[in-house]
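The structures come next, written out as structure tokens.
In the two complexes that follow, chain A is the common piece, with chain B as its partner first and chain C second.
On to the complex of A and B.
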């Protein structure tokens, strides 16, 4: 109880409250602009968090990402352009509702069920994390290796692209992580004689390059989206209660599926939205209405992507293994702020953890009023021409990268990773897998090599401990899953054609 | 920048093989079988294998059918005509410009050039580009230099604050 009161005091500090408000507005605006994703919003925030107190820093990331995931629904519903990839699953549905004259209902559902999903996701985090922390205390390097590997495999599964290309992207990320002297032998590895590379490749320049610069590069070669027609909105929340009662089941299913996908290391909000939209259609009483402006899928997927956002913090806080690309960034910030992820975080820094939960709930509550303001202001914000927004992003990339270490080499890295991300994306290699590879490389290698040393180079002990054998089985299943899908498709061509 | 699977896969085979070879030449830790060489070799081997599978077109059926994005016909892309794909490289070029010029020129002039060039390349009217280039850098400078205390270079045009 004292820890809880202490947490309240931490959150009520003026700098934390200001940080929450400012990052809420920032997240809403960036998320609503097409092409600027929630991950990019978070990546560009990191240099700012360096200069904040630990709780304020974590608060900005939580708030901005939650807001951006919701606000990605706005251009999706109004212009049929998803603001963030997490909204892509139901963009067509929301736009169909707008065409039927139900823009308020579609946007309101996005807002209302995002907030509910976020709060339910937070509850799952509160309930699950301490129980898992207990278990995690007994984990050895074998379990950590499998857990990290499982995270990497999940990241390749969710990529909705060729699984081989996804695995290649992940391995490329691991290879980038090999650069530097932070390895078991402490020898310079793949540094090509460049002094700046001795310290290795920092995840932040890579993230900013892959998610922000490559997006500006894409903007250079694609036409500007059409301007949003001005419109007046009726009441946003009217009818949401009726929807909640009518689609109670889909809502809960969305919450739960979102939580499960979030907890899986490596799979995040995008995946949660796609899976939940599909399950909504599969279990609906009226699946023929899907795609014609039917709110059911919106309810389920909207709840799901925000629920996954909160539960994605479970593996991040417990094991330092990111649940998705946003928490991959958050982990870096946690380390920087002395809140090193690990099971002991829940025993030794309990008040900080409670503060984190409170921030999550707070962010999802203020999402409703701020979201309504944002929806009403959308026609104003979305009229900002791309040629005015993107140049500022380029400038922020440069300054943000410079600020991470006050050296110009990071700026160069940002540019290079922009090219890498752009080329990969254009050729069907998922960049999220690359990023997770870079972020988790050192950890995977450390646990892999330590385990190998412990077992004298023998592979068998990797499968001997009970938890590690379960994790190994899950990882191998994830690896073989695409092959199974392919075989099933082959065996039942008639069903696939339907 | 659309390349065929043969080219990207082939590149990955080459990169994986290089990593494997480079990894195998790393000095071992004395008295240990397992050292810094193992991980790059495993990753490099895997990468080469994946590259080979991609060259052979395995896994292609999982990809969405090719959707060539609509090409831009505004700003630099229009001016470049058939070479319009090159417009994509403006942002990294601007970052390179920042690396080379910011120390000597200072933050404000460098940022002015970056914003102006990027806006014009995206098809902004000269008036909008000029307005953005004049307005944005001081705001960014104020936030990062004053609030966040990032030592941005002053160069030839120090900010008044």
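On to the complex of A and C.
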């Protein structure tokens, strides 16, 4: 109890509160700009944390990343350009809602369920950190392989186009993921002698290119769409309670899936959003509505990506193993500030730990009022003429791409992926599946090859380990399910004809 | 009271316009005359980034000009290292070299070698430890080494970084020093030390050779044991972990190092200024405390010492890479 009071005092310090407020605004802005991801928001904070007290330093990272993951939904809903990779899974859905005139419901759902996901994720961190960490440590490459493979399967579940085209787009993503030297063999592949290609294709330039740049290109070739009816933006939180009650089960499922995926090192908010959106569609009573502006998937995936953000801190705080790219940066800051990860952090520095919990909850609470302001400000974009918005987006894409590595090559990549995305969309190939392939490709390959090295080329261990066998069964079921459905459909008319 | 008139503002503007032009002439005697860029070839938040930032921060205090760290990532470190080598040799762009510069050219990934730079100072070196799962039957390095020698090739699996990375070479070098083949223990490539330590805890691999600070959190969590360090001395933070020499009688040590350098042909007086300032940074309390807080080892070598150090490192890593079949040149 004294530790808790001490923690309250630590958080209530003026410098910590100012850091929380400033980084909240910063995170909201960076996350909402296409091309600047939550990971980048965190990376850019590192030099600032040098000058802050330990608690204030960690507070900036916690707050900015939570805000950025939420506000990545904003450009996705308003312009069909996801602000962060974690929003890519449900961007089409949110944009469809905006076109139906439900922009405030879509954005409100993003905000409300992000905050709930963040708080539930924090509770999991407070109450179950040791148990969750135990689970994370029991995952070896065999389990990760199945997990990544399941993630890839989401491409077909999520897509509204034909599954064949979704799989083709995903395979193209996998091909892009092959580029570079960051593969298990440590051998440069498809680098064409270009130094910049050695590091491979980062997901961010690809995401920005296929979503944002191709959207701008499309806007240039098509006449201005009929403007949305001019009206006042309605209440943002009004419909949320009804949604919470109606989609209670998907919301909880999203929270739980988010927590589990977040805890696993190497799988973060991006994957959580994909898997949750896919499960929402798979288990929905009305899956045919998905993709037409239906909030159910937003509820589940919106909660999921923010829940994963909080639980990603579990392995980071207990073992110094990053749960995702954001905590990978945060661990460096923790060490720098003398908050060395490890069990002693929970025992000897309990007050600092409680302070982190309080900051998590606080960040997710102030997300609601600040998020409303942000949504209202951003909604002006809907009224601005397209000829004014599109050049700004191109500029932001270029700046964001450059900032990821201070490297002009990423800017070129963004342009190239813009063309790829444009051609794909024209021909009905879902670009989201391409991004998924790029994000998951390295993980699938790395874990498959290292597992085979460990087992001396034997595939049996993929099915022998207990967790691994469950994941394998799930993957194979998900693989066979569409085929089974197809076969049943083919048989039925034949029976009827008879 | 000062009044801002339009004429005054114009004059100030004109002065400000001339000032940068006049600087090179004025600044010849006094370096640095304008902000210095410090290139870090790795991403923000990592160990190299942290080291580069603290060094830059303290250099700024020593030399009175801003030292800005710029992360030039990509190409597995090649891009940033190239940027340092290709900068104008005027002392206003320097950078942090990492051990990869003594490795990548053997793999044919770049033409750059340690000799492509003007070395300034060696600032840090982290030797690898040999870590096993806490439930492993091997309680000391001797029993592990005996078991490895007695086992058929490929039975033991080790991890720590990607294929051909520094910790892979550390293992290969150790096996060679024991008179075994470099691939007697099979290397399981990983995406860095943290995932490798996690796989060690999950029972996926038998041993991990990565630096002690990278393994520290898992060791302190009671999930792994460090059996030995491949260094000349014990690590002050883990005084119970013996060196290879005292436990096995093998005089083999290696490590991942970081140092400051500029492009080739840096004017000697500028290089001297920087090395002197870096020595003050190194001797200062702030640098030592920072590095200790991250668990990073500190080693000093001046420009000539750093050049000799890199030459030795380059030769020994090249030998290990050839023996492990990783070298292409």
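The rule is short, and it goes like this: the second predicted complex is superposed on the first by the 275 of 498 C-alpha atoms of A that agree within 3 Å, B and C clash if a C-alpha of one lies under 4 Å from a C-alpha of the other, contacts with A are read in each partner's own complex, and residues count from 1 in each chain.
As a convention for this text, contacts are C-beta pairs under 8 Å (C-beta built on N, C-alpha and C of every residue); 3 or more make two chains touch, one makes a residue touch a chain.
No experiment lies behind these values; they were computed from the predicted model shown.
*Asks:* May I ask you to decide whether A:448 touches chain B, chain C, both, or neither, giving the answer as first, second, both or neither?
*Replies:* first
*Asks:* One more residue to check, A:139. First (chain B), second (chain C), both or neither?
*Replies:* second
*Asks:* Figure out whether A:347 sits in contact with chain B (first) or chain C (second), or with both, or with neither.
*Replies:* neither
*Asks:* Would you check which partner chain A:184 touches, where first means chain B only, second means chain C only, and both and neither mean what they say?
*Replies:* A:184: touches chain B and chain C.
*Asks:* A:198 in the overlay: touching chain B, chain C, both, or neither? Say first, second, both or neither.
*Replies:* The answer is second: A:198 touches chain C but not chain B.
*Asks:* Is A:332 in contact with chain B, with chain C, with both, or with neither (first, second, both, neither)?
*Replies:* Only chain C is touched by A:332; chain B is not.
*Asks:* Please work out whether A:235 is in contact with chain B alone, chain C alone, both, or neither, and reply first, second, both or neither.
*Replies:* neither
*Asks:* Answer with first, second, both or neither: which of chain B and chain C does A:47 touch in the superposed model?
*Replies:* After superposition on chain A, A:47 lies in contact with both partners, chain B and chain C.
*Asks:* Is A:248 in contact with chain B, with chain C, with both, or with neither (first, second, both, neither)?
*Replies:* neither
*Asks:* Considering each complex separately, which residues of chain A are in contact with chain B in the first and with chain C in the second?
*Replies:* 47, 50, 184-187, 406, 449, 453, 456
*Asks:* Can you list the chain A residues touching chain C in their complex?
*Replies:* Contacts found on chain A: 42-44, 46-47, 50, 136-142, 180-182, 184-188, 195-199, 265-266, 315, 318-322, 328-333, 335-338, 340-344, 404-407, 409-410, 442, 446, 449-450, 453-454, 456.
*Asks:* State the interface residues of chain B toward chain A in the complex, per the touch definition above.
*Replies:* 1-3, 5, 8, 12, 15-16, 19, 22-23, 26-29, 32-40, 42-44, 46-47, 50-51, 53-54, 58-64, 69-77, 84-85, 87-96, 98-99, 102-103, 111, 114-116, 118-119, 121-124, 128-129, 132-133, 136-137, 140, 144, 147-152
*Asks:* Going by the contact rule set out above, which residues of chain C touch chain A in the complex?
*Replies:* Checking each residue of chain C against chain A gives 43-47, 49-50, 53, 57, 69-76, 78-79, 82, 107, 109-110, 154, 157, 159, 162-165, 186-191, 194-195, 197-199, 201-205, 216-218, 220-223, 290, 293-295, 326.
*Asks:* Quick one: which bits of chain A touch chain B in the complex? Just the residue numbers, please.
*Replies:* Residues 47-48, 50-51, 160-165, 167-168, 171-172, 174-175, 178, 183-187, 189-190, 213, 216-224, 385-388, 390-392, 394-399, 402-403, 406, 408, 411-412, 414-416, 418-419, 422-423, 426-429, 444-445, 448-449, 452-453, 456-457, 482, 485-486, 489 of chain A touch chain B in their complex.
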